[in-house]
């Protein structure tokens, strides 16, 4: 138990470091930007209507105060952190004066759900199929499956998502291609809503799964074909241990340990994929929010989305890392 | 040490087991086990010696009923005579083999470090291995295992441990425990002491010996280390190039080997007070895909004559329980003066 | 199940629960739950709103910027004000000269010096909560916003209005701080206008800038039914007492429900219309339009044939940043103009479906009659001194040439009559004259080294051309940059997603956008021209209010603007002053006008029919304009479609 | 090294296929050096022509000959991927060898930094850089930024090999012979990690080209520069697929899939061949 606590402590330290460096980098990069957030905000607010100069001057003063841009950078930095720990990134421009954080929190559950479900499915399918393929190396079906995996795996998220959109939205329109849920349902714990959410998430999730499972499949297949030659597997086979036990608890279980590390490392990439997928399917998550924010030059919102993504991904990695000792008792002892 | 009157537990007759491989369209056949006939008795420790890639591992695989492609039994039988009935493991169905596994026929694998699943608690492994053959459940099973472990000087705590939490010796004892918990009639021990330090090695050997005696089981003990054989085996068989070349009571084999290869193996044993390197046998073991004509040992044999190059020597009985396959067995002299090896050979 | 499996299982389920709860929490159920049968297609029109995701979807306060949507149906279906000016002809029996008298009973009434305005209101108009609309609402609207910075018309009201009084419940009297003959346009809808606030709702609100106004009390014929908490659709339901709104004067709106959907990518729009999930699309790409019109016989554009698109009364142009030293010499601006090829720009941007304009007036609505045709001779004889000779740069036949270029592809869909060609392809544009451009640049002190123009200070002449990320304006900009680059100017198209912001902030060299917008159906130019007054031009680095993006300052311009301010909206002199403006613009070339902004708005006749088009131009089909609401009175469900 | 390649081509069908696929694409990309048209110009030919004898890959709605357009696009993308791979290899070799050889706190610090880089989601970071740099974000800048994020995974791999090498006989000899750390790393250890470097090189190219496509499709790169991503961007902004100009999307996607599968197969087969574990086992570590 002590070993585990040390392990958790180390990881926690790392998590904090990642968040600190990531968010600081986010701050620095945005504050070195040539974009003056005040003028950008003014430009946006006055683009559609003719405002008189006095009103603009007043607004400029208010925004300058709000963004604190006339202060030296280190004081802005301290300010930034002190507001950040309260979850305050300032108002968004996209939805002025709604706080950027409100928008992020509204979008976050969609991304988290999509990402969690897609990752779990991907991880499960890839590893189970890969494990079986590594164990039964002569199975025709699994061999064919492997070829498909090699074929799809290297294609960028965008292309797969787009092909799905064309196939299921245009050629054979059976699934919804945009939005999070249909217009005629009430959000909440009711079946029409849930089924609508599932339907709308199908194509985005499918595109993530299609791109993702190949990597797990190939990795697991290679790992398993190594593990099956291990003595403890041979020995268990000689002892007549049940085949399902061997495949599950001896082969897959051991091969899963490095796969879990790989999962932690892959989460950042999966997040990138989610951004694309959301954009293609107009899904209301963090990704499309980020893209909107960039397109609108929304300073606060870009900062908020980036910081939250860094934190969220780092936290997800942390959680996966915490699972690691459960899978590998050797780590617990160290 | 002479328990000749005991009944036979295993009778291997004319066993041929080949690896059949296909490299880039070329069929190759490796004759790993080439016509071995041997008998093993109840309640004895039979040592098998031989260099690596001599075919002893393949032979063991057949005995352990672990025949997997590309290894195939081409001819012969390997009949066990278990309490539950006779079984020819060379030709038995998987179900028949399943029925005797671990309950009657068990196996101690080499490499104590890697035969235990690193992510599974020892107790779980015991369940996986022994629950089905024992037909016990819950507390009954647990007490059986705990009692058995006690016999091996292991506390019940190991059941909750992971392999990496145990020392090498403990792990080996666990492995022996795994193989013997079902009180099998026949135990195959494949290099169980390799990679252990000398003290632990000794401890493990006596443990195997004790357990064997206590349970009245038969043990096939495989190692290339002749000194180990000297310590535990009742009889020793030497395998060279897929064939049994000599077989006899341990004492005879060490003091009066009747095959040049045996003589060499015995001579290469290190002894206290050695000043120089033991003479090494020249040449390498033959390629089993294309073994030499006649006696397979002839290219390396100091006594080889023309006949040896042309005709295969049969396995002749030359004394009580002593058989050899050499045209010139009468000319074989021990290469060094061997004093009686220490050990429990009473 | 052992402890570990249990642990992993509960972790996974826990994660799902958290995510699920998060979703449910984020949504906070809005409205009641209708089932699909509640939106039968013969009672429901589905409209595409070009806005992106509405990030603060629960914001319905039209009078303060709170991140809500505007053209989600909110301004089209629930808002109202005194007058509407249609960019097209208007519904004949309901409008006069494209002007609808909406909350006002008749036209604006000024005193002689335009310092006071009286409006007579209609009687019996009801807010959707049953309260009658009266002059008090108008007075509240003006006084509240004039006193509250941060509201939409704070600037317009506080700087212009001295006082507003309700003479009786149906008469409002405005006293202005200074004479303004265009004051009524503040309350005249083009895209939008100063909407009237419900006094009974807002008077109890302490901070109206932070007030969501959810659900909105409607002055229009529809009320909010439900909306997407993620901000991608809004559903509106017809009021039972729709006949108590000004819409009743035009006709009964036919759909029981109107759904506005936003944040649909270009491809998805086309797919969704093909799948029967959209009736009106705000805009498509030219290629998308050509394709869907061919594939789906139910789909229509504005013109029955090529070029299909609806011309907006806006004028895409290359806007010079006149505060940048590179563009302060008009010879440079003219040289850059003469490097362009009208045919290439038309083909590149609209595949030929563009209406060119050499002058700073959009060639749409009634403007060709008032400006382009009368000025044609002036343009033909227009002379330009290149420094070494005098040339006549205008080419009146360029439209005919483009018509010939597209004829092979579109055949008899392209008109043959020269008059019709002028109307759809434009009256003419400048001849490409690289020789003259070189003379102009040389005269301005530029030198040519190899194929590269150097500025008088010796550094290479580089131009960053700011273009939006997509659409026809992007293509136009890329073509313009390419033309300049081919003629020795290092011009590159810079794609900016925040082009509006950068335009306003003056953070550009040349921007492809528009600084000219008009009413379309009315010759008055004050809508954009008034904002060109030098008093509005700001210093570099600050944000420029409205339309004069090039920050053009000229005393002669101020003079024209002052003259326009002194005459009535309907005074024929307005056209004369407009001609003066055009001539001044040609002399200075502060921006290069290119063509009208043609919007590929399309409609499907699958479930509803009776949409406006060039043959029956009763309304603007561009869905986000407030005056598009009149369309709903003219359409009818298709028999048997479902 | 060449013997390795020869063996791989002869005995590893995946490697051979990968080589052929990548070879085709590279040759195609090299053709752009002989392109008769400037790929940055638009409306140089009749738009929307399907593939024909005159236009092998058709023409797009921007009036560009797709053959030459894609040739230039693939050249730029491959060069881009190559640049990122080279730069990030340099970082990962330096970090991996140093951490593995020196061990101790240097190792711990380097691996700590390494883990931070692994945990930062690259995509939002790239978008952030685009947000800040806008049009100053040319291919080289993007390559530099991506190289800064493309090394940590491979550095770990190299470190694990270096850890094994550290205790090998020849290392001790070298140290006793008085070789400097830098020399030991560069002359003694580098050759052992080169195979890994080559295999991760392919993977890294795959990764960087894929990311570039992603960014470009969203319009977050200089879209005037022809690359695989911008080709798709323009096709998309002209609704190419739904209006039936399928060749504008299908052909680049086929070529891209060829490139990606080719690179992937090369990386995978080399990886199998030189799997660090089996390699170390063979070396007797």
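Every chain is named by a letter (A, B, C and D) in the order it is written, and numbering of its residues begins at 1.
By our rule, a contact is a pair of C-beta atoms (placed from the backbone, for glycine too) under 8 Å apart; a residue touches a chain by one contact, two chains touch by 3 or more.
These numbers were taken from a predicted model, which means no experiment stands behind them.
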item: Touching both subunit B and subunit D (chains); value: A
item: Chain centroid nearest the full-protein CA centroid; value: A
item: Whole-Å separation of chain centres (CA-atom averages), subunit B against subunit C; value: 91
item: Length of the line joining the C-alpha centres of subunit C and subunit D, rounded to whole Å; value: 45
item: Whole-Å gap between the CA centroids of subunit A and subunit C; value: 38
item: Whole-Å gap between the CA centroids of subunit A and subunit D; value: 23
item: Residues within subunit C bordering two or more other chains; value: 267, 271, 469, 497
item: Sequence positions of subunit A contacting 2 or more other chains; value: 170, 294, 297
item: Subunit D residues counted as touching two or more neighbouring chains; value: 134, 236, 241-242
item: Complete list of chain pairs which touch one another; value: A-B, A-C, A-D, C-D
item: Of subunit D, residues touching subunit C in the complex; value: 40-43, 47-48, 61-63, 134-135, 219, 222-224, 236-245
item: Residue ranges of subunit B in contact with subunit A within the complex; value: 64, 66, 97-98, 101-102, 106-107, 109-111, 114-121, 124, 128-129, 132-133, 162, 164-165, 178
item: Partner subunit A, residues of subunit C touching it in the complex; value: 4, 7-8, 11-12, 15-16, 19-20, 22-36, 38-39, 52-56, 59, 65-68, 149-150, 152, 154-156, 158-159, 210, 226, 228-233, 235, 259, 263-265, 267-268, 271-272, 274-275, 469, 497-498, 500-505, 507, 531, 536, 538, 541-543, 545-547
item: List of subunit A residues in touch with subunit B within their complex; value: 230-232, 234-242, 245, 249-250, 253-254, 257, 327-330, 333
item: Residue ranges of subunit C in contact with subunit D within the complex; value: 266-267, 270-271, 284-285, 287-288, 290-292, 344, 347-348, 351, 464, 469-471, 474-475, 478-479, 482, 486, 492-497
